[in-house]
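Okay, got some structures for you below.
Look at the two complexes coming up: chain A is in both, with chain B in one and chain C in the other.
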Partner chain A sequence: MEFIRAFIVGGLICVIGQILIDLTKLTPARIMVIFVVAGVVLGILGIYPALVEWGGAGATVPIIGFGNVLAKGVIEDVEKRGLLGAFSGGVRAGSVGIAAAVFFGYIMALISKPKAKNKN
Partner chain B sequence: MGTRLGKQTLRLDSHPVIQAWASIAGAKEGNGPLGRYFDEVIQDEYFGEKSFEKAESKLLRETLAKILMKGKVSAGDIQYIFAGDLLNQCIAASYGIRESEIPFFGLYGACSTMGEALILGSLMVEGGFAERTVCITSSHFCSAEKQFRFPLEFGNQRPPMSQWTVTGSGGVLVGNTGDGPKIVHVTTGKIVDMGVTDANDMGAAMAPAACDTITAHFTETGLAYDYYDIVITGDLGIHGKNICKQLLEENGILIQGILEDCGTMIYDTEAQKTYCGGSGCACSAIVLAGYLLDKLSKKELKRILLVCTGALHSPSSIQQGESIPAIAHAVGIEMIS
Partner chain C sequence: MEQKRTKKEYVEWTQKIAPKTHKFKNMILAFIVGGIICTIGQVILSLLLKTGMIKEDAASLTTLLMIFFGAFLTGINVYDDISRVGGAGAAIPVTGFANSIVSPAMEYKKEGYVMGVGAKMFLIAGPVLVYGIVASIIAGILYYIFTMRA
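Take a look at the complex of A and B:
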């Protein structure tokens, strides 16, 4: 049952992204930035954590989830360390994700060669 | 020596001859509707090289070799070579012809480079400054994506109005003797900018330039609208072609015969998922050097007007909020007995 909920949440987030690609002039990079910022805002408002409760990985995997993680980290660290926490919180909370992205990205760059898709 | 017919158009009275032509295309182009017209189709987009840029300069180098072979001449017989491409500093052209020792004019006209090269190359022959010139361009999907959008590794999603940059190189040998297709009229484009800012919809940016050049051509030559069997633009794509047709009708240029576009001819849009069609310098170059010149030499087409279109923006100018200036160069090629 949790798979279906994950699918619904993750799928709907992707649909929003697709609508933005198809119907607006926003570039994919801008859409990603909008998603991250939206995640931060929804995180602060407490809406996104509720979505994570319900939708699980469907909410944490898309990049909106990363915005939520950033927000959560900043709030926690500010409570602990004051103003310094505004700088440390986001990177600390996202540290595993960021390090994994750099590490696996590097490995993939070493072992793979770029090619055009849709070659036919 | 040629006759000036107007601000943009010249008539080349000595009728420079296209003596030889050659084209090499990528796999996608080879699988398209015109696949069998290209001299060679390469399956590997690296063409055996370590980078896409090296592959593109190799495409151009090999195409030049084929042109010389088919024209039965050597590099020493060529007085000038006009070449260009889409890469920064036009390195595909420079590195492609590096060893040839042919006096070289490097050109940048974006996707209109083939038209620009043809005009300049034929004018050199018309003016008696050269017995033979070579006009050649190239483009490559992977290197163009890196140049103008994102490297392939980024895994970018292509928006619906985008076009697919043609991988390939095409060129011709222009000379002052022979029975081949003849260059009769050339119309040099002027920059037209209608304020289009969407770099993913270049058809809309270039259509006004195509219309402007086609209008100038017919107005200054006084030719009838049905004079040509085909008026073919470079890479307006499906969307841009419709805009151009509309603009021409509004200008009163009612082209009988066929208004076509190399970008819509080179791929099977449905089957090959190329959205709005092909683009890039090689788009018009390989359609010319593969398909059109073949049809002309067999007299299945008698007169064509090739209108190569280019968008003269850069990634920086787009980021600075500038619109896209465009240009179109027209060359009238005829089989005259």
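Take a look at the complex of A and C:
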């Protein structure tokens, strides 16, 4: 059952992204930026955690879930350390994702070759 | 020449009448591809939770593995094909974030390992991190003002 919920939530989040791309001509890079910021806003307001509760990985795997992780970390750290937590929380909570992206991204880029592209 | 123009007109004409079905198809494909990627994430997450791993670590490890898969599939030139079919369904999941790092880094490798790979890998990931982190700090300051001082 949790798999069906993940499929539906994850699929719908991607559909929102596709609609934004098709209707507004925004580039995927801008869509990703918008989604991350939206995740921070929905996370700090406590809305996104409810979606994570229901949708599981369907809510955490899309990049908007990364924004939610940043917000979650900020909330935890502000409660623990005060204003300093606003600066420590996001990167701390997102550390595994950031480090993994840099590490695997770098290694894979080193060992692989781009396919000869015919641009048309 | 005349034939070319009619061809162009024909293309414009089809674009005028076709976009709705085209967009609908894009939406369906984004739903399916995005849904499948997230379901794979859920399978990993559920398996990790079954081993008794705590919730937060299981979520972090799932993200790490999904990023690895995204980077790996980009490296072997498979993720491009997934993107062509899935559109936002491939770009929005964290695998697409990994793809956005590996893809330009590979492309610009010929410009060297510092300004080529090292710099270009953040072509899209950089802005995502900048806006994400800045937004989270502003959110944290507001959270402090509204909850902690009361």
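Simple rule for what comes next: the second predicted complex is superposed on the first by the 115 of 120 C-alpha atoms of A that agree within 3 Å, B and C clash if a C-alpha of one lies under 4 Å from a C-alpha of the other, contacts with A are read in each partner's own complex, and residues count from 1 in each chain.
By our rule, a contact is a pair of C-beta atoms (placed from the backbone, for glycine too) under 8 Å apart; a residue touches a chain by one contact, two chains touch by 3 or more.
Quick caveat, the model's predicted, so the values are computed rather than measured.
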Contacts of A:25 with chain B and chain C, given as first, second, both or neither: first
Touched partner set for A:109, first chain B, second chain C, both or neither: both
Touched partner set for A:91, first chain B, second chain C, both or neither: second
Which partner, chain B or chain C, touches more chain A residues: C
Partner chain in contact with A:61 - chain B first, chain C second, else both or neither: second
Which of chain B and chain C A:7 touches, first, second, both or neither: second
On chain A, the residue positions that both chain B and chain C contact, one per complex: 21-22, 28, 109, 114-115
In the complex with chain A, residue positions of chain C that touch it: 23, 26-27, 29-39, 41-46, 59-64, 66-68, 71-72, 74-77, 80, 86-89, 91-98, 100-102, 105-107, 109, 113, 117-118, 121, 123-125, 127-129, 131-133, 135-137, 139-144, 147-148
Residues of chain B defined as touching chain A within the complex: 27-28, 31, 45, 141-142, 151-153, 156-157, 159-160, 167, 198, 200, 271-274
Partner chain C, residues of chain A touching it in the complex: 2-3, 6-15, 17-23, 28-29, 31-33, 35-37, 39-41, 43-44, 56-58, 60-67, 70-71, 73-75, 77-79, 82-83, 85-87, 89-91, 94, 96-98, 100-102, 104-115
Of chain A, residues touching chain B in the complex: 21-22, 25, 27-28, 109, 114-116, 118-120
